[in-house]
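Two complexes, one shared chain (subunit A), two partners (subunit B, subunit C).
Entry: the complex of A and B
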């Protein structure tokens, strides 16, 4: 009791102190954080000012003030372009394929790994399947060119088993592009994406499995009724986060693997922006396209968050 | 007697499932590793022979010509040097700056905590886009055609900051408080107490940053394409990729032309560069595995 009052006093005194006085006392914390704040303002927020170029016939020599103001003309032009509309379709298609099949593959792998009892084997599988995540897209596309070449492994295998008579030109067939990107992305990321599910599964209370066994549940029933409900909340959280990133189909793989024959199906919004902005110096149009993408992404993010809050009340009960 | 039957059934299933499961996972490992092995095999194959295709797990006509051609090219050493320098410098800067900020934002009493955290987290979702960033870096800051374009725009990542901050928040609060009672300032507490304790999470972040920096090729293309001495290993590979894509249609006709002139082709050289540029990652990463799994989980939950 005696010790309580002197301890309370300084806390109250501190609370009464003005904002700036506290700030001065925390100058070392400020020294550690404010430079990074300025850095983020310069590299992440300041460039947004460049969005003004979306409403101009932007000329880098004249700068944003003297370039000709054109209102929404750049956007009108974009939405009359077949290749821009195609790039929106391609972006959404490829990221949806990624999201659906990528998630399913990751969950499946996590379930299979969760059933492995030999620790050394589990670790080996994990080490191997995480590996492609660390390879650059340049390397991955190079490997894909080998495997899917007209005399590559896939064609040889299909020819030998008699499934096809003539080699398929995988990388030049536009209808195959989305699927190919999906397969390569899953190959690259399935192990990595399974990490979060594996760690969720290991935190499931083992007594639940025991209780299920005693009740006569076999392995598949245990997976169905214990494992899957156990990862449900992680699944929902990740799904919502990924919906916010639906406009990000990536651009490296499309840019590196795309060629003139498949352009109709390979060009994403990012590749479109790159083509018009950097290669043809149409900054205004490219900025408008990029801005459209960012705004849709923000809308998706907020709607996903909104849905998450609605769902949270239901799923938590 | 009645109990014996289900028992035997259960036992059999317990043998079958792990076996099938093991087979599936082994196939998966093979599929994962196959393209890597295939690339290594092609890189050690004779160039003209490789154009015939059909090389799978082992070179058909063994040859070191591709590596010879690669390692006698002075460009490769320069590119290797640039790649290593950018990776090391970026990683060190990231570790110090990101963990410093993470520590400041882990102090609950810090009055700017909420504001700075919000500002940082928003950058994960809101992006000005390629063109405004390009104009900022090349026109406003005039970083293009310099080495610094590899370093300065990538000194900080919010995701990594959250990973480190979550870790620091898990450390006992008493560490900071007792140091403060002993009269240590915040910078000293960070540098002498918190930073050394963060080794596991810093290893994770170092891996993320180093791999990201090492694998980057697009910034070279965007800003330093015209400066040969600033090219990175990944960019060299990317250029080889572009030439082989173009020549892919003409591969059949040029095969005959190449037969008499040279024993290396773009394909084997490309595979050799792939091996050289992937090797550092393949060597380092298995040792860091136990760290990055914890890091992923920390970031995934809070981020």
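Entry: the complex of A and C
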């Protein structure tokens, strides 16, 4: 629940009434939340019993109760595999790139649009920048593969302008993969991600801007001292949520754009799970990898929340 | 009077209802095909006939996306169709217990067609417990086997390259790249100004055989996957070839051609769709592949009338200089290989397996085999002096995808047991195998091309098929017991071979090759040991 500190007192006062009395008073609300609770239980908590496969040499023919119990062997195997450790690194690296540059780009675009006075122009830019969000990743990667091919637009442009003399092997150079994913993700999501910042900015009290102007603040001063503090709480809430998702660097783009040449830098945990679990029938190993990912995600989420609390900011949990 | 008529009518209706109920109840059978395909139309001619005769309607699901992932999803949810074709990964569904053993259903009395179909091959087809899960979809020949063209692996070259060079015989690796180089020097671009690519290598996923398989053929062996088996010594010594010194010259040659610009870097990162698109555009001059793997590209080129851009299969071997002066004789064509564990199995979810077996039994009859492979006499072919023939239109219809959707039961036929080779009256079982149809109805360009070589059919470029080794073809061996090591074995090749081909100079090439051999040796050893044991087991089973 998102709650600012002044509200804390009344909540405590209400607690004295007793849990069941409060429950009864809010029966309509409780009833309304039942479907969501059921949904979460059925699709998020109930399937967790499948984690048992992480400790087994799981065989679909025998099922979870008859498969051989192997304890932590699957985990041991995973952490001795270079490609699993690489996939952890890749997941975190691409996530961080997305998080840092994605957020910066979104905020930058929001500020720029916020400063634009022409309504028509602002609308047009906003629409154009968020449209790619609705494109399927398959299409985006298909386009990227054409644009970045050795005879593609990017190489042609660089060759014609004389910046390079041999085409760059964008799609097969492993060191370039993270950057490419970052650029494509930002292009695809920047408009969408900026919407929430734009809406926060429109809710900033205009009198603050007026007051700042009267005090002699120029455009940059106003951005720095009015706009940015205005979106701070949104930024923190989004940051906490995103840190919880840090272990999800996406799956489609790495799966579609990865190839044997860039595998060391393209394979994320999700791709790894798919490769071993579904394609190679090593369900136990794949479950162990997925379980590891979930546990790290939970730890990350709680630490981010804890730090935010310490900084006396809005918290999520 | 009117009343009487009404009563009689009602009686007649009741009677006909009762009759219908006595015949087998109409059912809908769910089907999964491990390949992509086109849904037949609702008024499809053959499916209608099947429905009328057997009361069976099909609900077909084709593969969309990755096969292993699709099968894995079906296995984890036990979501099996009645007729289950696991495509190239059928071992997975067998090992997961998705299919029923067919042996109890097949007997000489009850199912004579099926029984005769498999009886000679049973020792090879059943597993250690004597179970048979899948009746092979291809490779069981009746009477004489017919081979008009190479349907499997070969080096391919655009026909116009040979036409331009005056129809030379191309038999070795050096001759092959030599003619491509010369053609490229004279014709750098096609009519539209698009530059030609000299040689393409598809490396994506399981189709990486285009990258990793050629060496065995250059050494004069048919397709055994990733191993070479010594069939002459009597001990069936099995070894991986990719890490051996005799593999190095091939990749060295590719490296040289890469440096000369014949091979484009993009080939190592392209996916199957991009590869097919490139071949279909007619700008790729050559590649190593298997005929069936780029059938859509061939069809597209033929439909566009670009016959000079279609490919001819060539059986290349190493030049003597690469193998200590030894002259290698090519052996690309193998004896008919029963396509073990490929085709339809019946899943444990099927409610009436007996009926499915009866369906296959009936479809294997001569009458239905003719309907499935040739169509309806008078509509899809005609008979003259006992020979089954086709007009040009009828022949062209057969390769028209939208015509197929309306008039053939392709989706079922492809995965069902079928008769191949020659009928008892001398006609070919497959319409495409019939020699008259094959030569008379091919394009004028192809006729002129073959005539220039003095050949009747593309298979004349090849030596006659050899006898099939008792173990079959080694690529068919199920590798799931060493799945993880096998994955690594392949992944190391996927990673290193492109790097090796893209080496900048000889020193770098040698260093890369040495690093590759060092990295692959441990898994190659595990793989060799496993394959050796399996080959011996199969030989023993077959000679029992």
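Note that in this section the second predicted complex is superposed on the first by the 270 of 317 C-alpha atoms of A that agree within 3 Å, B and C clash if a C-alpha of one lies under 4 Å from a C-alpha of the other, contacts with A are read in each partner's own complex, and residues count from 1 in each chain.
The rule is simple: a residue touches a chain if its C-beta (ideal position, glycine included) is under 8 Å from a C-beta of that chain, and two chains touch if they have at least 3 such contacts.
Computed from a prediction, not measured in an experiment: that's the story for all the values here.
Following the overlay on subunit A, a clash is recorded for the pair subunit B and subunit C.
In the superposition on chain A, A:100 contacts neither subunit B nor subunit C. In the superposed pair of complexes, A:164 makes contact with neither subunit B nor subunit C.
In the superposition on chain A, contact is made by A:281 with subunit C only, not with subunit B. Of the two partners subunit B and subunit C, it is B that touches the larger number of subunit A residues. In the superposition on chain A, contact of A:32 is made with subunit B only, not with subunit C. In the superposed model, A:51 lies in contact with subunit B only, and not with subunit C.
When both complexes are overlaid on chain A, the residue A:150 reaches subunit B and subunit C alike. Of the two partner chains placed by superposition, only subunit C is touched by A:263; subunit B is not.
In the superposition on chain A, A:60 contacts both subunit B and subunit C.
Subunit C is struck by only one stretch of subunit B after the chain A overlay, and of the options 8-16, 134-142, 170-178 or 188-196 that stretch is 134-142.
Residues 60, 145, 149-151, 171-172, 259, 274, 277-278, 283 of subunit A are contacted both by subunit B in one complex and by subunit C in the other. On subunit A, the positions that touch subunit B within their shared complex are 19, 22-23, 26, 28-34, 36-37, 39-51, 53, 60, 109, 112-113, 115-117, 121, 124-132, 134-139, 141-147, 149-153, 156, 171-172, 187, 191-192, 195-196, 199, 218-219, 238, 244, 252, 256, 259, 270, 273-274, 277-278, 283, 286-287, 290-291, 293-294, 297-298, 301. Interface residues of subunit B, counted against subunit A in their complex, comprise 10, 13-14, 17-18, 21-22, 24-25, 28-29, 31-36, 38-39, 42, 52-54, 56, 97, 100-101, 103-105, 107, 109-112, 116, 119-120, 123, 125-136, 139, 153, 155-156, 185-187, 190, 211, 214-218, 222, 234, 237-238, 240-241, 244-245, 248-249, 251, 267, 270-271, 274, 277-278, 281-282, 285-286, 289, 293, 296-297, 300. Listed in rising order, the residues of subunit C touching subunit A in the complex are 66, 68-69, 72-73, 75-76, 78, 92, 95-97, 203-204, 208, 264-266, 268-269, 274, 480, 483-484, 487, 491, 494-495, 498-499.
Against subunit C, in their complex, subunit A makes its touches with residues 60-61, 145, 149-151, 167, 169, 171-172, 259-263, 274, 276-283.
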